[in-house]
Structure formats: structure tokens, C-alpha cells
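One chain, chain A, links the two complexes that follow: it is found with chain B in the first and with chain C in the second.
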Partner chain A sequence: MDMEVSRSWRDPELWVKALPSVILQTTCFLAPLVMTFVLTFQKTQNFQLNWTWNLATWTDVFSKPHYWTILGHTLVMAVACVAVCIVIALPIAYGLATRFKRLDSEIKVLITFAFITDATLKTFGWVLFLDKKGAANYLLMQMGFPPETVAFLFTDWATLLGMVYNLLPFAIFTIYLSIDNIDRSLILAAYDAGAGKFRAFWEVTLPLSRPGIWAGSVLIFLLGVGVFLEPKVLGGGKSPMSAELIRQTFETRVNWPLGAALTLVLMAVAIFVVLLFSRVAGMRKAGQ
Partner chain B sequence: MNHRFESALANVILYGAMAAVLVFFYIPIFTLIAFSFQEGRFLTLPFDGVSLKWYGALFKSGPALTALWNSTIIAAFATVIATSIGAMAAIVAVRYRFTGKRAFQGLAGAPLAFPQLLLGIVLLLWFSVLGRWFGFNTGLVTAIIGHIVYIAPFAMVIVAVQVYNFDPVLEDAARDCGASTWEVYRHVTIPLLWPGIFSAAIFAFLLSWGNFYITYSLAGSTRTIPTFIFSGIAVGSSPLYPAIATVVFIPGILLVVLANRFRPKAAATA
Partner chain C sequence: MSKTWYSDLPQYYQRQIRAMGLDEAGLNRRRLLKGMAGAAGVAVLARMSARQAQAATQMTYMCWEGYNDPRIIDPFNKANDTEISFDLIVDSPGGFAKLQAGASREVDIVSSDMPWITRMGPAGLAMELNPDDYKDVYADFYDQFKPPFEPLMNDGKTIGVATRWGWVGPCINTDVTKPEVWKTYDAVFDPANKDKICVMDWGDWPILPMALHAGINPYEPLDEKQLNEVRLVLRAMFKNTRTLVGDLTQAQKGLLDGSLLGCIGAGSYLTSAVRKQGHKNIMAIVPEPKNGLKQGIIWVEATAVLKETDQPELSQNLLKHVVSKDAAHILALLDSTCNVVTNKAVESVFTPEEKDILQMDYMWHAYDNSQMHRIAPNIDEMLAIWQEELAAAQ
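Up next, the complex of A and B:
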């Protein structure tokens, strides 16, 4: 069904509706991005921005390995988060799309509510749960475990747990939409041809849900490189990630050009990684 | 492998994974609710006793109530404006064919894949520079603008789903019967898109209500519930914060249930 209607930009039906978004995103998204780029060529003096063009910030960025170590750590954490999220989300999304028909809407409400609840609160909740004297250790002690069995709060593992917790719903939603769109008769055909549940999943469902897996991975990766709450609150700020470094650069050091440059480097590297992976994935598909 | 055994195993994995993930999702939420009833000052177990006294303290705490009020104001404005902008963009992005369509879709949806903290920082730089030129400070208004930039694309995507299921012939029919452009919108387009717009509005409200990163960057000295709690975690907490959390959960669960109730009806009328 072709529902598209041709419209010219002179038609008020088009521009009246398009203009608010265009104005909003050019003045409050594109323009700030451009200005961030311009700022990287300026200087700060006595906590004041000084409009003099120079490359000092960029030579600083490229000469200090410290920034790049943190960036590498951030990328590793984001990739690990993507991997864990996809592995958990696959059975959940598959189950939501094919089973649980009766409880389907209740489960969706539960997941949506958990997803939409403020991340600060949930992250704080994890601290209370994982703390030395927190709920997890208390419950384990009641069951006879020694005190402080759960002791990974304020490590990278706690950060990863928080990231997976806060980003997992993105993978569940995108993969669910993908699996839900698969023609059921294809899977039934695989059963008729003698495939078991697992073989049918592996050879039919999984390849066909690739768009959802890909969309979820990209979204989680891009959001994952920008996390700040989890490393700060659950990781205890011990091994900072890029977002925390950037925040400190702005707030503590009040070095706007450097903060702007680090922001752009993070975004550029993140987008580069996404493009690289999509190239590799595209080549694999072409080779098959 | 035997097929029946395989089916049974698949069921165990699927039901087990679902149960495990639901428990995982609700661990921090129930932990917070439980700690809000702690009678003592400290957030450790075992409790000194069970009481509602921190809820009493919450409603007497000026800063907490101000934060609640600020959250509500920001969410109200952001919801109405972002949903309107997003709904219009959804019609444009799905229904119309025009030069620059891909560019429009990209621009209108771009903030979706941009880390929130970075969006907040980029906007903070922007408003700080503009503020110095035009003499204003970041505060409630800049926070609302930031929320709109972030939430309008979400609203667009949600309404777009409804636009896909919408038969444009209905609009043509109304027009053929002599309805003006405004009348077509008023009596045909908006009622038919309403379920999508309604879901988008609820989603928008919750995204704004629970937003930490953008508020943190853009609200200046204005505190909302999430930033108020963040500052509280840093200074050494009391059960006041879990109590706030529990109070904040209530509108969330009500709105999600409401949005879900609305959905089957939407399918029936469309």
C-alpha cells in the first residue's frame, strides 16, 4: 500500500508541520554541535573563554595518552555491555513474540515501567542492594552464607551491571519488533522440514532478526559510551569513563575547549566504531 | 536431540530467562521501596524498625517539595511541546514525499542516538555562550528546551507507528465532503492519531519526569527529583531518598498502566 503523498515545500501542509522540528533541531542540536567544534580552537584564561584561534587544545588531546586510555576503557565497557544485553535480550524478545500470549501485556507493562523509571533512582537502588551491609548480603547471611559474600560494588563489574540494567530494554524492544515481524510460516516450514526448536531458531529466526539485533547494538553502544551515572555511583568513580572525564573537564577544571574536544573525540570514535562494524557485518552478509 | 526434549528445554530457557530478567529489573526498585520504611537514620540492614516517618519528613522538607514541583513543571511543558512537535514531524516523515525527506528524518531523529550527557553538555555550552551574549542564565527554561530536544524524536517515532496504520483516504473523503483543512484535522486526523499521540505524551512525560542527564547539565541551580536525589547520594544518605523514590514511582506505574489500557481500544477503532 502506497500511502505517501507528494508535497512541495511551498505547500503549507508540509512546511507548517516540518518547520518546528527543523527549527528546533537546527538551533538546539546542529548549531550547538558546530559551536562545540568552534570552541575547541579557543582558549580559557582565568576560567573565562578567550576567543583566540589556536590548536593548543588539539595538540594537548593528541599528546596525552591518559585521555586515550580512558577512551579505550570506555569502548571496552560499551562493547561488553552490548554483548551481554544482546545475549539476554534474545530469549526474552523471542519469548515475548512467540509465548506468554496470556501474560503478554502484563509483562510489557512491567518491562516498560522498569525501563521508564528514573535511572538515578534505580542505580541508587542497586547500591543499597549490593552494599556490604545491603540487602543482598543480608539475605545471603540469613541463608547461612558468610558476611559480605557480595563484594563487587565499586568495581567495573558493578558498573557493567548498572549499564546492562539501564540499557537492556533497548535491546529487548528492538529485537522484539524484529522477531514479531517475521512471517510465522517460515518458522513452521522449518519445523515441517524436520528442524527442532533450536535449529529453527538458529537458521531462521536469528538471521531474520538481524536488523533488530543490529539496531539494538548500535543504540546501546552509542548510549553506553556516554554513561556517567553508573561508573560514578556503582563503580565508585575509581575507574572513570569518558563521560566522567568530560564532565570533570567542564566542571572542575572549567576548561571548555578541552571538554568540547573530548566530547567530539568520543562521538567521532563511537561513530567510527559503528561504521567499522557495519562494514564488517555488511561484508559478511555479502560473502554468505 | 529428541524434538520433544528440545521443546521442553526451549520452554525452560524462555520461561526461566523471562522470570530471571523480571526479577533483575525489579531488584533495585523493591530494594528502594523496602528501605523507605526503615525507621533508623542509616541505609543498612537489619532495620531498626518499620515506620512511615521518612514520608512525613519528605512532606515537610522544603527542598524535596521544590524539586517535586520543578519536575512537574518541566515535565508538563516538555510533554505538551515535544509531543506536538513530534506528532507533526511523524506525519511529515511517514506520509509525505518531498525533496530532502531523508535529511528531514535524520535531523528530526538525530538526538535519539546521541548520549544524553553529551547532548546536555553541548547544549550547556550553547546556552552559556548565548547567555553571555544576551544576558541570561541556565535554569528552568533551558532545562525545558533541552528536554524538548531530547524527547520530540521519541514522540515522533511513537506517533509514526500510528501514522503507518492510518488510511489517508479518510482525509480525502472528508475534504471531498467540503471540510476545510482545519476541520479535517479537527474531526479526522487528530482523532484517528489520538491513541498514538496519547501514548507519545505519556512516554514524553515519563522521559522528562525521570530525566537526570539533561536536567543535570541545563537546569543551573534548579533541582528536580532526579538531580536532588543524585546530590543526596553523594552527601551520605538517609531513608528520605528511598521515600522520595517510592513517591516518584507512583505516577510512573499509573501512567504506564493507563497507556497500556488505551492500546487495545486504539486497535479496535483504527
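Up next, the complex of A and C:
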């Protein structure tokens, strides 16, 4: 006998079941967010927080163009990182899920290792490699290249390299899972229908791996807007991104209201971009 | 073949599991819970035994790494039956902000940069100290740091006791550049040095020397015109900057391998650890006075006792211990950084090699040609200018 499931919000059982999650979300996410918002209407004087309600911080945020320059730079870098990661991750994930199926478990272990290896260690490793007097230039000089052939450390390119390097496993893993879950019979059916390998990939595998590509993109974008290690260590700190600006504002300037406002602006813009992409993706899907 | 809890793993791991006898254990819920209960029991027992071993008094010390060196702290713990836990700070403003946010109720004593210790006075965080209670301590001090030591005073009251010090000035590799070149900061702006200058990204540390170079005394209230001069000098500095680093090792590596000609916004704090490793070609110097302004900056670390401490006497004893001869000797020659201390008596235990590491033959020259670092009235405006110019330079 089928029982009718009550979906009403008045259903007490639903409330009881949802209560732990509601409490957790309220105390761990919503309350700090509300506090952050409240903080933006206070001000600091002599490095001390004064609980006096005012709009000075928001006036500052919207009147100083450099906050928006840094935010724009952050978004560009994050989007570039997403694009590069997806382009690199897609063939890797495809190869891992199809050609190297026998090594499935080993590959999962390796990807897990990439997640648990400290990003600080990996990032500083790149400095040793890319530096003017680093390993890359040494090796190239041994091969007859002129000194300092590799000279892009402390530029945005180096920052992007670090971001891609540290965030790539997220893209590989999500896309790999997506491709791995594709029903092989669908691809075989495409071959039976006369499609070549490329066409089968383009018309069957790629569309079906979209959930993984999308999940990976969102993950990398959100992590990308929050990076501070790569611009600082590999970018040489000369092209700061939003996370570093927020850190400086909180820690060095001890201006908590401004730091809180910049945090909220970054969150809002990041969510807006994700929603925008999701809307565009949704429209394209509906159009197909 | 029946499916086991590990049959999905690669053969290699399966063999390892069987070899270790873990296959027979079988990871079921009951066993897992049993294991967890056992682990919890062990944890409770460990906690109980730890409690039995606990000292009579618990204290919390907020400080830079190094002040927590066991060679400094263990003798104090033993002598006073205390157990000190540490709240290590990575930057002074962050530590100050944390105290303001409520950590002042937990922390008993703080060792941080002097301007932030002094700020604890008007913020109502620090206990006012009676210099008479510290006569024995000050008897061993260099005259420069004896009371009344104005930079550590608020409304005529002493807020803390100076512990370590050093100077801010160009850090150079004498194999690559000559100290004479750095008698002024002009080399920072020389187009020939483009992409060879490192700037230490430590809050106000790089801003203040640049202001002094521009003929502005940052330790006095500044008007719009003077702030604009600071803006222009920072803008020019960013043009030649190869990298801004927040990490000492990056700057030290660049100086050692010669990829960086000079590092500004740092000083003896950066060079001493490298000198300790035998690289005496790395040194921190102070430019000559310019436009009537001394170009070097003396930084001082100080220790203060929190107003809300429940151990005022013990905290003051710890403060006295930290600046004592034996503790100060250790504090002067840590692995991460080496710096001169305020206790003159330590000189008698320094070896000539240790004195050389600390550039002690140079320290009073540096002191005489430097401003004493203190609260810069317009530092927030200058930090905002820094952010603006950095964003514009990208």
C-alpha cells in the first residue's frame, strides 16, 4: 500500500528531521554572515571597533575604484583558471575513465594524494623551479639556452600556473566521476550508428559529462576567487587579488568593517557570476 | 569468492591487509563502535593522567615564535609550577585585533611589536607597570631602553618592557652590491635596478622608510600634501619592484642567490638568521640621514601584562624572566631569527662569532641614524594609499 507523503511545511515530522540541519546552518553559517553584515555598519577608530551605526564603510567601498580593480582582476583570474583547468582536465579525465580503467583504484588514490598534499609546499616548489636562478633555467642553460629563459615568475602568468596546478585535481576528479558514470552502451550505440570516435565523444560523451564539467567549474571558480597564496608567492604580490586585500584590511589595517564589507562584496559577486553562468547554461540546455 | 570489506581495493593493498591480519577483523558496525569506544576510553584515561600531571597554575602567553622556546619557558614553569600555553601571532596587528575581539580575557601576557604594545594602553588592554618594581631588571638594560622609555608610555604610564630590537634598512648581499650604494634609498628607484628590488610586505614596514626618503616624517601628523608625497614615492617604488614578499625565506633566498639586489622594508630581522648560517655577505644597513631626517628605523619588541589577567604577579614574573640575562641570550639567537636584545648583561656571554652574526659592531651606528618606531598617526591612510597604488600598478 502506498502511503501518501506529506510535503507540507506544517508536517511536524519534516521539521524534526530538518531541525539538526537548520540549527547547524543557522549557527555555523547564517549567524556569522549576519554578524559580518552588521559589522559593515560600524567603524574603527585608532584600530578599535566602535559600535556606532553609519554608512561610511559602504561609501568607501563604492567610492574607491581600486577595490573594484582588484575584484575585477580576481574574477578574470578565476575565470581564466576555470577555462584552463577544464581544457586540461577533460582529456585527462576521459583517458583515466576509458583507457586506464584497469588502474581505477590506483588513479583514485593518486588523485586523493593531490588533494591532501599541502598547497603551500607545492606553491613554494614552483618558486624554486621557476626562479631566475631556479631549476628550470639551470636545465635550459645546460641545454644551450640563454640564461633566464624562464622569466615569468612574479607575474600574473605564474599566479595562473599556481592556481591551475593547485585546483586542477578538483576538475579532474569531478569530470572523471561524470565520465565514469556514463552508460557505455550509449557510446557503443553511437558507434553502431556510424559515428566516428571524435563524433561519439563530441555528441555523446561530452554532453553527458556536462554535470562533472559544471560542478568542477563552479568548484574551481569559487576556490579561485579566494586564493591568496598563489598571487602572493608566485605572483610576487604585485597583482593582489581580493582574498589578499581582505586579509590586509582585517589584519594589517585592523579595519574590520571594511574587511567585512569587502568579504560580502566578493561573496555576492561570486554568487552572481555562478548564477549567471548557471542561467546561461540553463538557457542553452533549454534551447537544444 | 565472498566479498570482503577490502575486496574493492587494489591487489597490493589487499595483500597488505591480509599480511597485517586485518582481514579477519572485518570492519563491521559493531567492531567499529567497539573500536571507537575503546579509543574514547583510552582518551579519557589519558586525559585523567594528564590532569594528574597538570601544574598548579595555567597561563596563556601571546607572543612571536621564539619567545615560546622551551629553553626559555621550561625553567620558568619548573620554578613556578606553571604550565604556559601559547597563542603564537604571525603579525602584530592581527594579535592586537584578536585581543580586542575578546582574547584579552584568556591571555595573561603579550610579547609583540612595540607600537602595538603601546596601543594596548589606550585600548584598556594592558596593565600599567610600576618601573620601581623592575629596578633589578632595568639595572642590566642598555640606557636607551631604561625608563622613562617614552615610546612604551601612555599618558606618562609605562605599558610594557622592551625585549628585543633591531633596525629597518636595506638588506643587501655585499657580493652583488656595495654598502656605499645604499647610503640612500636612491637605488630603489634607479631604472638600472628594475626588477631587482624586493619589498617586504609587512604592513607599515616598507611604507615608513619610503616616507622618510621622500622627506616626510611619518611619525608626525601628516596633511594631504604630505600624504600625496607618500603616494608618489610608493608609486615610484612599485615601478622597480620585482616582488613583494611576506615570507622571510623568499627574500633571504633571493638575496643569497643574487636574483635580488636589495630588500627594503626589512632589516636585521631578515639578515641575522642567514648570517648565523655563515653568510656574512648578507647584511642590514641604515642609510645616511637625508633632508634632516634619520632614514633608519629602530624596531623594538616589548612585553606587557594584560589588565584582565588572573595571575598578575606570575605574569610580571614571567615578564622579568623573559628579559633576564639567560632568557635574553637564547632569545637573541634563535634558529628562525637572531636579534640584539635590550639586556646589556648578555654582551658578556656572547661569543665574538655571535656578536658578528648580530652585527653588534654596527648596532649603535644604526641606532644613532634611525627613528624610533612608534605609532604613526596617519598609518591607516598610508596603508590605504599602499593598497590603492598597488592596485594601480598591476
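Convention: the second predicted complex is superposed on the first by the 257 of 288 C-alpha atoms of A that agree within 3 Å, B and C clash if a C-alpha of one lies under 4 Å from a C-alpha of the other, contacts with A are read in each partner's own complex, and residues count from 1 in each chain.
Note that in this section contacts are C-beta pairs under 8 Å (C-beta built on N, C-alpha and C of every residue); 3 or more make two chains touch, one makes a residue touch a chain.
The shown structure was predicted, so the numbers you read here are calculated from the model rather than taken from an experiment.
Novice: In the superposed arrangement, which partner chain does A:133 touch: chain B (first), chain C (second), both, or neither?
Specialist: In the superposed model, A:133 contacts both chain B and chain C.
Novice: Could you let me know whether more residues of chain A are touched by chain B or by chain C?
Specialist: B
Novice: Touch test for A:255: chain B only (first), chain C only (second), both, or neither?
Specialist: A:255 sits against chain C, while chain B stays out of touch.
Novice: Give one of first, second, both or neither to describe whether A:193 is in contact with chain B, with chain C, with both, or with none.
Specialist: neither
Novice: For A:105 in the superposed arrangement: first (chain B), second (chain C), both or neither?
Specialist: The answer is both, since A:105 touches chain B and chain C.
Novice: Give one of first, second, both or neither to describe whether A:276 is in contact with chain B, with chain C, with both, or with none.
Specialist: After superposition on chain A, A:276 lies in contact with neither partner.
Novice: In the overlaid three-chain picture, which partner chain does A:55 touch, first (chain B) or second (chain C), both, or neither?
Specialist: neither
Novice: Quick one: is A:237 in contact with chain B, with chain C, with both, or with neither? Answer first, second, both or neither.
Specialist: A:237 contacts chain C only, not chain B.
Novice: Looking at A:267 after the superposition, I want to know if it touches chain B, chain C, both of them or none. Which is it: first, second, both, neither?
Specialist: A:267 sits against chain B, while chain C stays out of touch.
Novice: Show which residues of chain A both chain B and chain C reach, each in its own complex.
Specialist: 49, 105, 109, 127, 131, 133, 233, 250, 256
Novice: Could you pull out which chain A residues touch chain C in their complex?
Specialist: Interface residues on the chain A side: 46-49, 64, 66-67, 69-70, 73, 105-106, 109, 127, 131-133, 154, 156, 232-233, 236-240, 245, 248-256.
Novice: With touch defined as at the start, can you tell me which chain A residues reach chain B in the complex?
Specialist: Spelled out, the residues of chain A in touch with chain B are 3-9, 13-14, 16-18, 20-22, 24-26, 28-33, 35-36, 39, 49, 88, 91-92, 94-96, 99-100, 105, 107-114, 116-129, 131, 133-135, 137-138, 165, 168, 196-198, 201, 218-219, 222-223, 225-229, 233, 243, 246-247, 250, 256, 259-260, 263, 266-267.
Novice: Over in the complex, which chain C residues touch chain A? Could you list them?
Specialist: Residues of chain C touching chain A: 8-10, 13, 91, 93-94, 96-97, 100, 119, 122-123, 201, 203-204, 238, 241-247, 250, 253-254, 257-259, 380, 383-384, 387-388, 390-394.
Novice: Touching chain A in the complex: which residues of chain B?
Specialist: 1, 3, 6-7, 9-11, 13-15, 17-18, 21-22, 24-29, 31-32, 34-35, 43-46, 84-86, 88-89, 91-92, 94-100, 104, 107-108, 110-119, 121-126, 129, 145-146, 148-149, 152, 156, 164, 166-168, 181, 203, 206-207, 209-213, 225-227, 229-230, 233, 237, 241-242, 245, 248-249, 252-253, 256-257, 259-260, 263
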